[in-house]
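Next, two complexes with chain A in common: one pairs it with chain B, the other with chain C.
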Partner chain A sequence: MALAKRSFDAVVVGAGGAGLRAALQLSESGLSVAVLSKVFPTRSHTVAAQGGIGAALGNMDEDSWLWHMYDTVKGSDWLGDQDAIEFMCREAPKLVYELEHFGMPFDRNENGTVYQRPFGGHSQNFGERPVQRSCCAADRTGHAMLHTLYQRNVRAHTQFFVEWMALDLVRDSSGQVLGVTALEMETGEVMILNARATLFATGGAGRIFWSTTNAFICTGDGLGMAARAGIPLEDMEFWQFHPTGVAGAGVLITEGVRGEGGYLLNKNGERFMERYAPNLKDLASRDIVSRAMATEIKEGRGAGPHGDYLLLKLDHLGPEVIDKRLPGIREISKKFANIDPVKDPIPVVPTVHYMMGGIPANYLGEVVVPQGGNPEAVVPGFYAAGECACASVHGANRLGTNSLTDLLVFGKAAAESMIKFLKENPGRKDLPKDAAERTLSRLARLDNQKNGESVAEVATEMRRTMQSHCGVFRFPDTLAEGVKKIRGIADRASRTQIKDKSRVFNTARLEALELDNLVEVARASMVSAEARKESRGAHDRSDQYKDGDRLEYKPVHMKPLTARTIEPKVRTY
Partner chain B sequence: MTDVEMNRLRWRCRRGRLENELVLERFLDAYGAQLEGERLAALKALLDYNDDDLWSLVSGRRECGDPALGEVVQLLRRC
Partner chain C sequence: MRFRIFRYDPDKDEKPAMRGYDVRLDPHDRMLLDALIRIKEQDDSLSLRRSCREGVCGSDAMNINGKNGLACITKLADLKEPVELRPLPGLPVIRDLIVDMSQFFKQYHSIKPYLINDDPVPEKERLQSPREREELDGLYECILCACCSTACPSYWWNPDKFVGPAGLLQAYRFIADSRDQATAERLDNLEDPYRLFRCHSIMNCVDACPKHLNPTRAIGKIKELLVKRTV
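Let's look at the complex of A and B:
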């Protein structure tokens, strides 16, 4: 069956921070750019980022990109690529000033400079003392950024395809990427969006877990498409648990609360982080705090009737500080925990928040795969940025504020690489005859499935399995069992059935297609977690606490671009 | 409301912020089947709000200036 086709210089899948930053660069350079998004761009999950953008502006205390780099490498547990980390930390201040010039409403100091707040894991002089590095707009930094970038894209005439879902990557026999197939929700029509360069900025996939801070749209669509097109995913065992999700709801309480002076208590009223991280205490890196919390709960010091959560105390800050610096926190606590933090502590648990792994990319935003003897052969025409990509700057654990830094820096870098690629490769390659075959056979299978599986039931089973077999603490036997289970679930997902076969706005079909992507991510995560027999960053195994059989997808880049290598050592905070 | 309209509405309850999604999901479960007329129009108008403004209304941080939306805002606050 021949599909309708539309052609662009560049197709960007995803309209969160990375996609919008990239699209802006591409549109302003005069290219024709299509941006696909499942939801209206300003409803992308970037909008939920509360804390800020990590950048060494030095507006509060003395600061340096080299210290930011040190904190990021240390936070990554030395699994991040030091060239990419140096690139990100050096570029970050420029990208913040760009945003400022775009009109982003940052908080200000009295002297007019951008206000920066303290945040976990950020330090001065290579870990000596905390530094205020997070450039913020109250507790709505992501919101302000997304709206600023969206407006700039409208000005630059970026073409948006809203309520479109990308389905599969189009590659030719040489492996070059030539665009995507996509479904327009309103009509149910499937189309080929042919591109001379394609960027995935599809965000994370936290919805593979039962308890997550991620919005419903975070279904790992880019990762599913990449995996189906034969591109292996990298570092998928590393999932960041945010220390402070509201118990039972998943809703996030920003780290900014602890930055402003809030701290955690166990059921005995003890400020337990003093035992685990004497120096940075509650502002230690997220994996350290999450593990400490899980330990407190496991050892019977959790609060509440079932002893399954801890308490985040901030009443001592006073209502003025809470309302001025952390206004959203009060409402969230009232709505989802039934308490007012001006009077009572918030019940919190470590909750899945961020995916460190993803589509393997280099610091230029180019997607790389192992090929022949080369572990990092560039896939022509294919780029990835933001949470869906693994650049890799986060390694085994991401520092708070570095997600916004990542999506700005690598969104722009990927766009610059695309512009260069398009200049060097003029003209348009022919689409292969079977360009849409994978998509059409998936859709036909779904429409014709008899005696199949329920999408909702398979999704529930996947989320339960990920939660119970791949949580904060991981055990060899439960991981091995988890691999078997998740493979069985993936098998069931290949036989999903939908009752509604209509075309117009068929959400049952969309959810089945999302499940295909979720399952790819879940399987990759569980298999990688079982295979990495060491504890590192966010991946904490009960059986290995020192370097064991290291699982290497590709060699870690220990050599920065210009700085000296930051040598591995034991992480203490 | 037709099935297609309901599907479209449910999809537009997908937001960037999980807080809004959880409240809207509870709202649709409680009132979705009987949604029509002014109440439906009010919900659609609220879905056009950006996530931050919608959350400000739902959480009670801000009052709604539009009397046509007031009833649905109150219902959302109780969800």
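Let's look at the complex of A and C:
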């Protein structure tokens, strides 16, 4: 069956922070660009980011990109690439100023500059004391940023394909990427979007877990497409558990609460982080705080009738600070925890929040794969930025605020690499004859499947398995069992059945297609977690840890672009 | 818990119909969206938009027992049974609870929803005092869910000519921004019997907004500025 085809210079898949920042650059350079998004752009999950954007502006106290870089390298447990981290931390202030010029409603200081709040793991002078580095708009920074970027794209007349879901990557026999296949949700029509350069900015995949701060749309679509097209995923064992998800609901409570002076208590009213991180306490990095919380719960010091959560106290900040700096948190607490934080502490548990791994990329946003002895051969025409990419700036553990920084810096960098590539490679290569074959067979399989399980059943099983076998603490036997189980689930996912066969906005079909992506991510995560026999950052195998005994599958770039290497040392906060 | 839900699939239904559902909830199901997901587990053909499930993305706006709201932050305990769910009123239905929002976004785009400032770009941030920044509170938080505009009788009558409360709230968001230089141009754009003046302060928008914003007040401020400019 032949499919309709449209051709562009560039296709951007995803319209969150990274996709929109890239789209802006591409549109303004006069290229023909198609930006695909499963949801209207301002509904992308960037909208839910709360606490801020990390950038060493130095508006509050002395700061430097070098200190930001040190904190990020240390936060990554030395698994982040130091060239990419230097690039991000140096570029960050420029990108924040630029966002301000676009109209972003940042909070302000008396002197009119952008207000910055303290955040976990961010310090002055190489770990000495906390620094105020997080540029924020109350606790709605992601919302403010996403809307500002969308607005700027309206001004630039960016062409959006709203409610189009990309289904598969199109590659030719040489491996070059030539676009994607995509489904228009409203009509059910499938099309090939042919591009000379393709960017994935498809976001995270937290929905592989039972409990996550992530939105329903975070189904790892870019990773699924890349994996099906033969591109290996990197560092998938590293999943960040955010210390403060609302217990039972999973909704995020920003680290900005602790940045503004809130702290965690166990059932005895003890400020337990003082024991685990004597210097930065509640503002230690997220892996450290989440592990401390899980330990408190495991050792019987959790609060509540079942002792299964901890308490985030902020009433001492007073209603004025809470309403000015954390109004969204107050709203969420009332709605999802039935408490008013002005009076009572919020019940919180570590909750899956962020995927440090992803599609392997370099600091220019180019996707790389191992090929003929070169661990990082560039895939021509293919780019990735944001959470779906592994640049890698977050290594084994991301610092709070660095996700938004990552979106801005690498969204723009990837677009600039694409512009350069398009200039140097003016021709358009022919599409292979079988360009849409994988997509069409997936769709045909779904339409004709008989006696299959429901998508919801298989997805539930996957989420429970990830949650119980791949949590904060990981053990060799449960991981090995998890690998077996997840392989079985992946197999079942290939036989799911949907009852709804309508062409019009068929969300059952979309969820089945999303499950194909989710299981790719779940399988990669579980297999990688089982294989990495060390504890590092967010990946904790209590059994195997030996300090200094570290594994590297893809060589870590220890050499920054201009700075001196930050040498590994024991990581304490 | 009992529900009656508007169902329409143009691919197979001649006309829309309300369908009844009786669904057993899990003890953890707190919000209307949780119940809708339960229903979808039984009947995968029910179509709705949803994403963040915490009231910030604006996807799951619908008409709930006669009032517009977001399913993800509407507590089940507060709802009278059977819960009647319909698509947002006044917009073309694509399928079930999914409406065509093109007209709504067209109006949003028509107010030039971006900062206009033609000064040379400074090296660092443009300065703005905390007082000036406070002017944006209650404006910039809009999530474009369309609960307000689709609760407005003036918008139902003239969706092509009246900007509607959501668009006007954003028009004022830029007028109120100390960094924006296009107030005159923005007022010109709205000085029209339909675009702005179809608002008769019915205030359904204020009642409907799930983020507790006040479009009527913003519209009042725009009208004030127009009056000031004529006298």
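Annotations for the structure displayed:
Just so we're on the same page, the second predicted complex is superposed on the first by the 568 of 573 C-alpha atoms of A that agree within 3 Å, B and C clash if a C-alpha of one lies under 4 Å from a C-alpha of the other, contacts with A are read in each partner's own complex, and residues count from 1 in each chain.
As a convention for this text, a residue touches a chain if its C-beta (ideal position, glycine included) is under 8 Å from a C-beta of that chain, and two chains touch if they have at least 3 such contacts.
Only a predicted model underlies this, so the values are computations on that prediction, with no experimental measurement involved.
Three-chain overlay on chain A, with chain B and chain C in a clash. The partner of chain A that touches more of its residues, comparing chain B with chain C, is C. In the superposition on chain A, contact of A:Arg133 is made with neither chain B nor chain C.
Look at A:His45: by the touch rule set out above, it reaches both chain B and chain C.
Residue contacts after overlaying the shared chain place A:Ile498 against chain C, while chain B stays out of touching range. Contacts of A:Lys334 after superposition on the shared chain: chain B is touched, whereas chain C is not.
When the two structures are aligned on the shared chain, A:His469 is found in touch with neither chain B nor chain C. When both complexes are overlaid on chain A, the residue A:Ser454 reaches chain C alone and has no touch with chain B.
Of the residues of chain A, those at positions 39, 42-45, 47-48, 140, 143, 147, 215-217, 249, 251-252, 328, 331-332, 335-336, 500, 502, 504-507 touch chain B in one of the two structures and chain C in the other. Residues of chain C that touch chain A in their complex: 9-12, 28, 30, 40-41, 43-45, 47-59, 73, 75, 94-96, 98, 101, 105, 109, 112-115, 117, 121-130, 132-133, 136, 140-141, 143-144, 174, 177, 179-180. Taken together, the chain B residues at the contact with chain A in this complex read 3-4, 7-8, 10-12, 14-19, 21-23, 50-52, 55, 58-61. Residue ranges on chain A touching chain C, taken from their complex, read 39-40, 42-45, 47-48, 57, 96-97, 100-103, 105-114, 137, 140, 143-144, 147, 151-152, 154-155, 186, 215-217, 248-249, 251-252, 328, 331-332, 335-336, 454-456, 498-500, 502-508, 511. Against chain B, in their complex, chain A makes its touches with residues 38-39, 42-48, 140, 142-143, 146-147, 163, 185, 213-217, 249-252, 327-328, 331-332, 334-336, 500, 502, 504-507, 510.
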